[in-house]
Structure formats: C-alpha cells, structure tokens
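Several structures are given next for inspection.
Common to both upcoming complexes is chain A, partnered first by chain B, then by chain C.
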Partner chain A sequence: MSTLILRAAPPERLDFLAVNPLALSGLSQSEAERLNVGTTRTGVRLGDCFAVKLDGSDTLIIEGGHERLDRVGAALSEGTIRVTGDVGQRLGAGMAGGSLTVTGNAGPYAASGATGGTILIEGDAGDHAGGAVYAAKAGLDGATLIIRGTAGDHLGDRMRRGTIVAGRAGAFAGSRMIAGTLAALAVGDHPGLGMRRGTLVLGSHGRMAATFVETGTHDLVFLRLLATALRGLSPEHAELLGRPLRRYSGDLATIAKGEIWVAA
Partner chain B sequence: MAAWVKGGATDADTAIEAAASLLAKARAPVIAGLSADVAAIRAAYDLAGRLGASVDTAGSVATYAELGSLSRVGALTTTPAEAVGRADVILVVGDAAWQAPLLKRLIDAKPTRGRTAGSDRVLLAVGANAAASLAWPAEGGLPEAVGVLRAYARGHLAGDALPGQIAARLADAQYGVLLYDAAELGEAGIEMLQGLAMDLSEATRCFTLASGDVGQDRAVVPVSAWLTGQAPRSGFGRRVPEHDPWRFDAARQVAAGEVDAVLWLGAVPVPRPDWLSAVPSIALVADGEAKDAEVVIAVGQPGRDHGGVLWNEQRAALTFWPASAPSDLPSAAAVMAALRERVGTHQAASRSEPAC
Partner chain C sequence: MSDLTLNGIPVIDTFAEAFDVAGTAIVVTNDTAKWAMIAATTMTGFATSVIGCGAEAGIDAELSPEETPDGRPGVRILLFGFEPNGLKDQLIKRVGQCILTCPGTACYAGVDGPTKIKLGGAIRYFGDGFAVAKRLPDATGKARRYWRIPVMDGEFLCEDTVRAVDGAVGGGNLLFLGRTHAETLKVAEIAVEAAKAVPGAILPFPGGIVRSGSKVGGRTKGMMASTNDAYCPTLKGRAGSALPAECGVVLEIVIDALTSQGVSDSMRAGLHAATEIGSRHGLVAVTAGNYGGNLGRHHYHLRDLIAPHDATKEG
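Let's turn to the complex of A and B:
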C-alpha cells in the first residue's frame, strides 16, 4: 500500500494524471518525488507537497486531499486509489477500470468520460459530475459513479452509458443524456432537459419541463431488475423503485426516447 | 504617453518596468480582457507564451456558451446584413436581445433581397414583450421554452397554444431568424435553439443570430485558434497551450486565490470586472485613469488613435479600421511587445525553494 501524505496546501493546482498505482510501481522513491505535478510556470514536484512512501502495490492512499488536486485517478485502468479529503476537477476522468474513493468533496467534472470502474464520492460533487467536458462527445461512458452527498447542476450531462447514483442533485440533472441510468433521491429544476434516451429514477424533483409527458404508472419487470442492480450500490435508491412510480417520457424536443421515473 | 504606478503619474519606461517586474515574479499570471485589435491580441498570446500565463476574455461567458454548443451540434448562423436584407420572420429569444441596436434596424426596414423582398417582417418573442405580434411569456425559463418550440416544430407536440402558433409561423417563414443573447440563453439554450433552426431548415430556411457581443471576443476566437489551435481560455504554464475553460476562467481563478498578477487589456473600451481590484493588476486601456490598476498605461484605441483590424459586427468579419483621430498614444501591441522584451531581462520565479 503506497501512500502520499499531504504536508501543506498546494500553492497552485496540481495535475495527478501521472500519479496512479501502475505508474508509481515503475518508479523509484526519488523518481516519484521528482514527478512534476505543478501546472504553472513555477511548477511543483510531487515530493515538494507530499511525503511519498512506495511499496509497488496496486493500492495508493492519498492522505489529506485538497480542492486543488486535479485529475486524481484520471485514466486509471487498474488498482485502487483512496483519498482522505477533497479533490479538484476531473476526478477519475477517462478512467477505464479500478476503484476510486474520495472521503471528502470533489470538484466539477468528476468521472467525465469514464468508461469503466467505480468512483465513490462520500461527500459532495461539483457541477457536471458524470458530465461531459468542453467539446467531449460524452460524459460518463460506462463507469459507475456514486455520490453520497449532493451533486451540483448538470449531473450526468450528456452521459452515454453507465450508472450514476446521487443523494441530491441540482438543476438540469441528466440533461442532454444520450443513454445510461441516473438515480437520485431529489433533484432540482429541469431534470433530463434535452435527453435523447436513458433512464432517470427520482425521489422528487423541481420544475419538470413541458416537453415531458406523463405516460401513467407501470409495473415492469425491468424495474425489478434495475432495483436489484441498484441495491448493491445504494439500498436507499433501490427502495425508490419499490414505491408507486409515475413515468414521464421525453424530451419531446429531441427523439424523445428517454424516461423519467418519479417515486410517489 | 500617460502612465501611472500605484496612483502616481510616471513615464512610460518606469511603468513598463514596474509592469514587467510584477509579471516576472508572479507564479500564475493572467492576461485578461483581450478587448483589442488583432495585432494586440497576437501580442497578448506571445506575452502569455513567454510568461507561462493563462488567457481569458472580457466576454467569455457568452463566448463559451456559444462554443460549447458549437462543439457539440454545430451552428446554423446568418449575418446582421443578411438578416436585415432577407428575414421575413424574426423570433427574439429572451429580454437582452431587445436592447441590441440590430433589432431597431430589423424593425425599421422590410426585406429587400431574395424571395422575401417587399414582404412584411413579422416579429415574434419568447419572453413577454408588447412590440411583438406574438409573445409567449415562457415561465419555465428560456432553455425549456426553446425546447417546447422545437417539440412543436418536430410535430411531437400539437395544438394552437402560443408556442404552437410561434412554431407554425417559423415553419411558414421563407427566411426565419432566431435572435438571441448568448450570455442570457446559455449553452443548453443555444444548443436547443440550434436544434430548432436545424429542424426548421429541413423544410424552409431558418438561421440563428447572436446579439450583444462584449469586447472583441469574436476576433479573439479565430486569433487564438490560429495561434494555439485552441479556444481563448488557454494556459501556457506548462509551456504548451492547454485549453481548459473551467481552470482558466479568470474570475474563478481570482476567487480561488490562484492568481497573483493580472494584465487587463482593454484597448477597445469594455467594462472592467469587479474581481480586477482583488489582485495586483496592470491595465493597458484607452482613456486610462490612475485608479484603474496598480500599473496603468494609456494606449491608443484601435480605429480612433491608430489603425487596426477589429471584428466588424455588420459584416461578420475581421476588417481594418483606419484611425479616425490619429494621436501619438502607443498601440497596445507595441506596449506588450516592450513588456515581452523587458520580462526577458527579469529572473523568473524559481521553484528551487520548497513549494509547500
């Protein structure tokens, strides 16, 4: 179990793209300490901010996070990263496999473009969690994103595949969704605005756009299968599907193959 | 040349030296505003590359709402001249677009070109407005309202409610124009509006047109693309241009305490943001005053004090504007080139000391 222990708040945003168990396993102690993780003209090396302890294993513990740690676990393909504290933007962006846990809060664009693996945020997430970054084709793309706290606006914006489970979320949850599944206990206004396909399961919501039409109550086998799948991630969300559900279809402004299930 | 350092009037050389010293010792400098002619915008990117600074523009909220939508769904746009000459139906989306000078020209004239020549021009509105022949208050906000129009245009919603009537008028138009303000409508709304224009253009012609540009953002976008291959909000901290609209948002960077020096370029007058006073700043502005920043250097306004290439909103192109009242004020490009030279003589901030 390799560890990085934060010594003091970073003086600038740090880029952790190259800091993961696989990359560190090929480096010596001094090579790892000299990794340039800074983003300004001055630059910061990993050893400047962190006490580094390596053992070549596939588990990395980052003790003491900070909201300036960007791209933690980005492009992770195997192994485990656990952060005790906060992280910055693009947590697990483009991640393909492995497991990522953050005990604090995450910045914007968490799990953007992630194609595999599991990302757990025990605190809150910023805007565009599971959403697409500028000019990207898709947001979450196959990975599993679990947010125990509150997500910001545009949760799952343009997500294409995979599952998002969030406690609460802001406005425009699941907006412009291409496909995938998003479950939240409560969301703000305009869930699913501009969605093409995909499934939203909501405990409650703010204003529903006029381009969603109610299509009645249903008892479908699919819902029981979805409840089984969600139970492993969050029993609370699986219980939503046990309650009477109203189904909305939309967004009628697009091809309208999306659905929003709202628990009564 | 008028220049001030910490409120006191001084000569050009002292001001440039003070500015160069401030920039050279900064860890993460930002060059913001970029409201200037093409030569000065180029010089700003040159200086940013030399410094390892990041860049942001005066109107970047609107610019990124447009670029975000453009990067995903593309855009069907027209120019003000075409709209004035051909449009027989105008849909004004939101409140801000009503303030645009272009709208008065559209109201005052009838179409004069093409198949619509001589016909009446109909004005429709999303958002309450008495001047329009059909106005839909749209209580759910603009992105939802545009989505409802699109649903009617696609035939997914039917009926003769107000949005249905507006969609029908657009479908019957020979040359429809959807006029909007990018900052007000936002990325989600613009994407929906482009979708509406594309759906309508299956059967007739319909285009979007943004009003209310701030500063020279429309000049910055192509200049930054040809210099860096990226959109405006790029940073050079790691010696290669990195594009990140969130990280290099100057207002966010200042609020998060990540910036230690800002150079504000406002040769074409543009409102200065509040956050500018929160960090040590240098202002290269036309009609500068001592209180504008820590170091202020008055520069010529392109098109007035000296010639320059600026965005021509009328023609939707970059055009040369000769000096209307030539003066001996230096151009922003010349001041920035001098700064670039001077910065080179300073010792860059070193990371040899422990950073944390």
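Let's turn to the complex of A and C:
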C-alpha cells in the first residue's frame, strides 16, 4: 500500500481532490511529491507536508490527519483510503466508489454528493454531513456514510439516495430529504423538517415539527429488510428496528411521503 | 410391446417433445407458512396450460424463514408463458389479483436472468401516488429496489423488477398406462412427488396429473387441440389406438422447468419412482407424448432416462 506520512501541520488548507490511489498509481515518486495541493498562491506541494511512499497499489494510507486536509477522497471511484487522524471539509464529496475511512473527526459537508462507496468516520462529523453544499441539488446520492461518533446539524440535508448511520446528530437531521435512509441513536430538534420522501429511524429526538403526524405502530415487512440492510453497518442501529416503533408521516408541508420511526 | 424395461415395467422407446418457453420465479412470503401457501395456491390456480390459461404455474418449493429475503416463511412460485411479454402480462395480473390482495404477503424476485420484468414498478400504480420506492442492500449486499404500496393491513411490499430466464422448457411428460383408475392414480401420485422434488421444476396440472392428454388440432374446425384419442381406453380397438388390451386407464404428468436439465431430471425421477411401485399397482407400461418431433426443440428420450443418473442427451 502507498503511504503519506504527515511531517508537520500544514501551513494552509490543502486540497486532496487529486490525491487518491488511482491518480497516484500513474505518477512517479517525484511527480507525486510535486503535486500542488495548496489553496493559496504559496504553492504548497504534497511533498512539502508529507513523506510520500508509493507502490502503485489501490490502497492509500494517510498517517497523521489534520483538520486542514480538505476533500480527502473526493471523487474517489475505486480503491481504499484510510486516514489515521482528522480531516477537513468535504470528505469524500462526489465519491463514486471504493472505501474511505477516517479514524478521527471530519469537518463539514462530508460525503456531500457521494454516489457510491462507503465512507466511515470513526470520530465525529461536522455540520451538513451527507448534506448538500450551496446550490447543489442533492446531498448524499447513493453512497453509504457511517459516523460512529456525533454528527453536527443538518445531517443528510437534501440527501437523495443511500444510507447514513450516525451515533448522535444535531438539529434538523434529514432536513429537506429527497429520499434515502438515515438512522441515528439520538438527534436534536426538528428531524426531517421539509423532507419529501425517505426514512428516518431514531432512538430519540428533540422537538418534532408540527407538520408530522403520528400514524401509530406498524409491523411492516419493510422494517425487516431495513434491519437486514443496517445490520452489516451497525448492529446497534439494526436493533432499533427490533423494538416497538412509532411512525410519523411527513413533512405535510411537502408531498409527505417521508417517515420517521421512533422507539415507542 | 417394448424391449426397454425399468423395474420390470415396459418402457416404450419413444420421447417426450417439449418447447422453449419464457419462465420466471417469484418468492411470496407471509407471517405464517399457512398464509404464504394460501397466496401461492391462489396465484397458481387456473394455470395448467398456456393455451387456455395464458400461463403455466406451480409451487416449486416451500421456503424456511432463513431462505427468504424478509425472514418469514415463504413459497417459491414458477410461472411460464409462451414469450416474455405474455409472461409479464400474466405475472402482473396474478400478483395483482392474488398476492397483493392476500393479507400479509410480500413478493420478491425468485430467480436471476437476463430479461427484466417490471413487477412492483407496475403494481405500484394501485398505490394511487402514495406508494414509495426503497432501494436497500439484501443480506449479500446486492442492492434491490422495492415498492411499498399502502393497503388496508399496512403495506404491500413488492420487488420492483423480477427476471425471466433463458432456457426454460415446458412440456416434458410421462404417460402411465395402468389397469384400474385407483391404482394408476396412485402410481401417478408417486411419480408427481418424485418429479416435483427436483428444484426449478413444476407440474402445473391438478395435483400434477392430467387425464385429458391432447393432440394438436381436431376434427372440429378451429380446434387447436383435442383429446388424445390414441390413449383413450374407451377407444381401444379402433385404428390408431396405442393402448394394449389390458390397459384401462392412462394418466399423464406434465413438467415445466427453468432449465432443460430440470425437465430431464424431473422426468427421470418420475419415471423411476413410478416403475419402482408399478408392478404392485398394475402399471402396464410407461410412455411419453410427442408430436413427431417437428414442433418442439427438446426431445427427452425415455431410453436415456432409464439410467439412474444423468446420461440424458437432447436430440
């Protein structure tokens, strides 16, 4: 596997869009070290901040993350990236395939627009994880996003497809959701506000918007399939579906095809 | 009569002639095995012959909760038609009228194949705009798309698309020539049990048995098929009768399968099971029905099926 070992804290925000196993496999050691990853006119190169060691494999290990590493794994289509440490904003944005793991925390907009692959954040995630960036049509768009820790506000905002699993999340989880599935053990106020379709499975939640209506408890076949799907991602979340659940339908301010399942 | 015998029972040296058909499989589940079977039995009713029913259908297997996508008891149903469009029409009608309507059922694709048939994607319109689609990975990680249609007991969940296979074959058959009705029926019942135990094969007629075997055409103008007079015991002694004097009853089993090998295996199982108990039940001979070999591409020679294991070659 190829490795990048952080030598010192980056002097500015770095853009890792072009740093992935596929792109690096076509570069020599010196070409990789000369990759421009800076975001100012100072022209920071990859080799300025990292000790680069390439072997052409489809696995890239970034040892020593930093909250200034932006767009790590963005547009990844195949292969594996593992970061030991933190990353900055837009982790895995637009990712289409492969596997991306961060052992620390991630900044805002993680997995925004990601259409495929799996993104695992073992720590916390910032606001708008799986959410749409400004002017974008959709947030998460088919990928799988797993946040073991706590996500910020607007988790899965405008997500269109795919699955988000989070430990806890802030307010407005699943807001403006177009479709997809979001499961969290606890979220803040107003989950699903403005959602059109999609499914939220919640252990607990803050205040519920008045535009959601309770439909009661239901033993639907769909929940069995969802439990099967979640079991491989997080048994703890799958267990939520094994308990009695209340169902809320909404958001009635939109087309109201969404649903929120809450532990009864 | 024949120089071929199996377990002391004469086997006529002829072949069963069968046809390429479009075939698919679905899995129907329910909270109890009883209700899964009720749904499956209803859906496979009036499905004995493509000519008169539009499709041939039958129950392939009962499935344990571990074998179904949603962990409930289930039944695997096979459905066959002349061609994919006709199969699709029949599938949507039968699922729409018999599975959607049955309390507690859900419906999934039961086989993989090259031809897509939109099933849930067609039935969703019953949801009048309230149905929602959901794409979820199954236990193997493969993404599958389902439609959730609101109904009065909750939801009808139906997979968006099912598949039709290439290579399905319909019309494998065996004819049991017996002495009495009761004993020949017993022989046929034993043969049905053995034949339908082969995975991917069904016997679409009542109890797997047909007493009104047919020939192509008839003396009445416009008849597509008419009684197989050569095997009618009341017409013995006439020119064209194929029955020996001691034969008083003929019963047939007809087999459809998702593969040609399935037809062959099923016929072999039926042939061996019938002849094993045949001498105790007055079985005179076993033969097979064909149309001279010019209509169907698949020929299953009884000579090849006498071997206990697969030595079958299609002609």
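Quick notes on this one:
Please note the rule applied: the second predicted complex is superposed on the first by the 264 of 264 C-alpha atoms of A that agree within 3 Å, B and C clash if a C-alpha of one lies under 4 Å from a C-alpha of the other, contacts with A are read in each partner's own complex, and residues count from 1 in each chain.
The rule is simple: a contact is a pair of C-beta atoms (placed from the backbone, for glycine too) under 8 Å apart; a residue touches a chain by one contact, two chains touch by 3 or more.
Quantities reported herein were computed from a predicted structural model and do not represent experimental measurements.
Superposition of the two structures on chain A shows chain C fitting alongside chain B with no clash. Using the contact criterion defined above for the overlaid structures, shared-chain residue A:257 touches chain C, although it does not reach chain B. In the superposed model, chain B and chain C sit 130 degrees apart as seen from the Cα centre of chain A, a figure rounded to the nearest 10.
Applying the stated contact rule after C-alpha superposition, one finds that A:228 touches chain C and leaves chain B untouched.
Of the two partners chain B and chain C, more chain A residues are in touch with B.
In the superposed model, A:197 makes contact with chain C only, not with chain B. Shared-chain residue A:219: touches chain C; no touch with chain B. In the superposition on chain A, A:9 makes contact with chain B only, while chain C stays out of contact range. In the superposed model, A:44 makes contact with chain B only, not with chain C. The minimum CA-CA separation between chain B and chain C in the overlaid arrangement is 14 Å, rounded to the whole angstrom. The touching residues of chain C, counted against chain A in their complex, run 29, 69-72, 106, 130, 132-139, 141, 146, 148, 154-155, 157. Across the interface of their complex, chain C is touched by residues 161, 179, 181, 197, 199, 218-222, 224-226, 228-229, 232, 257 of chain A. Residue ranges on chain B touching chain A, taken from their complex, read 27-28, 51-53, 64, 67-68, 71-72, 140-141, 143-144, 146-148, 150-151, 154, 156-157, 188, 191-192, 195, 231, 235-238, 243-247, 258, 348-351, 354-356.
Within the complex formed with chain B, the chain A residues making contact are 7-13, 38-45, 48-49, 68, 70, 89, 108-109, 134-135, 158, 172, 175-176, 189-190, 193-194, 207, 209-211, 251-254, 256.
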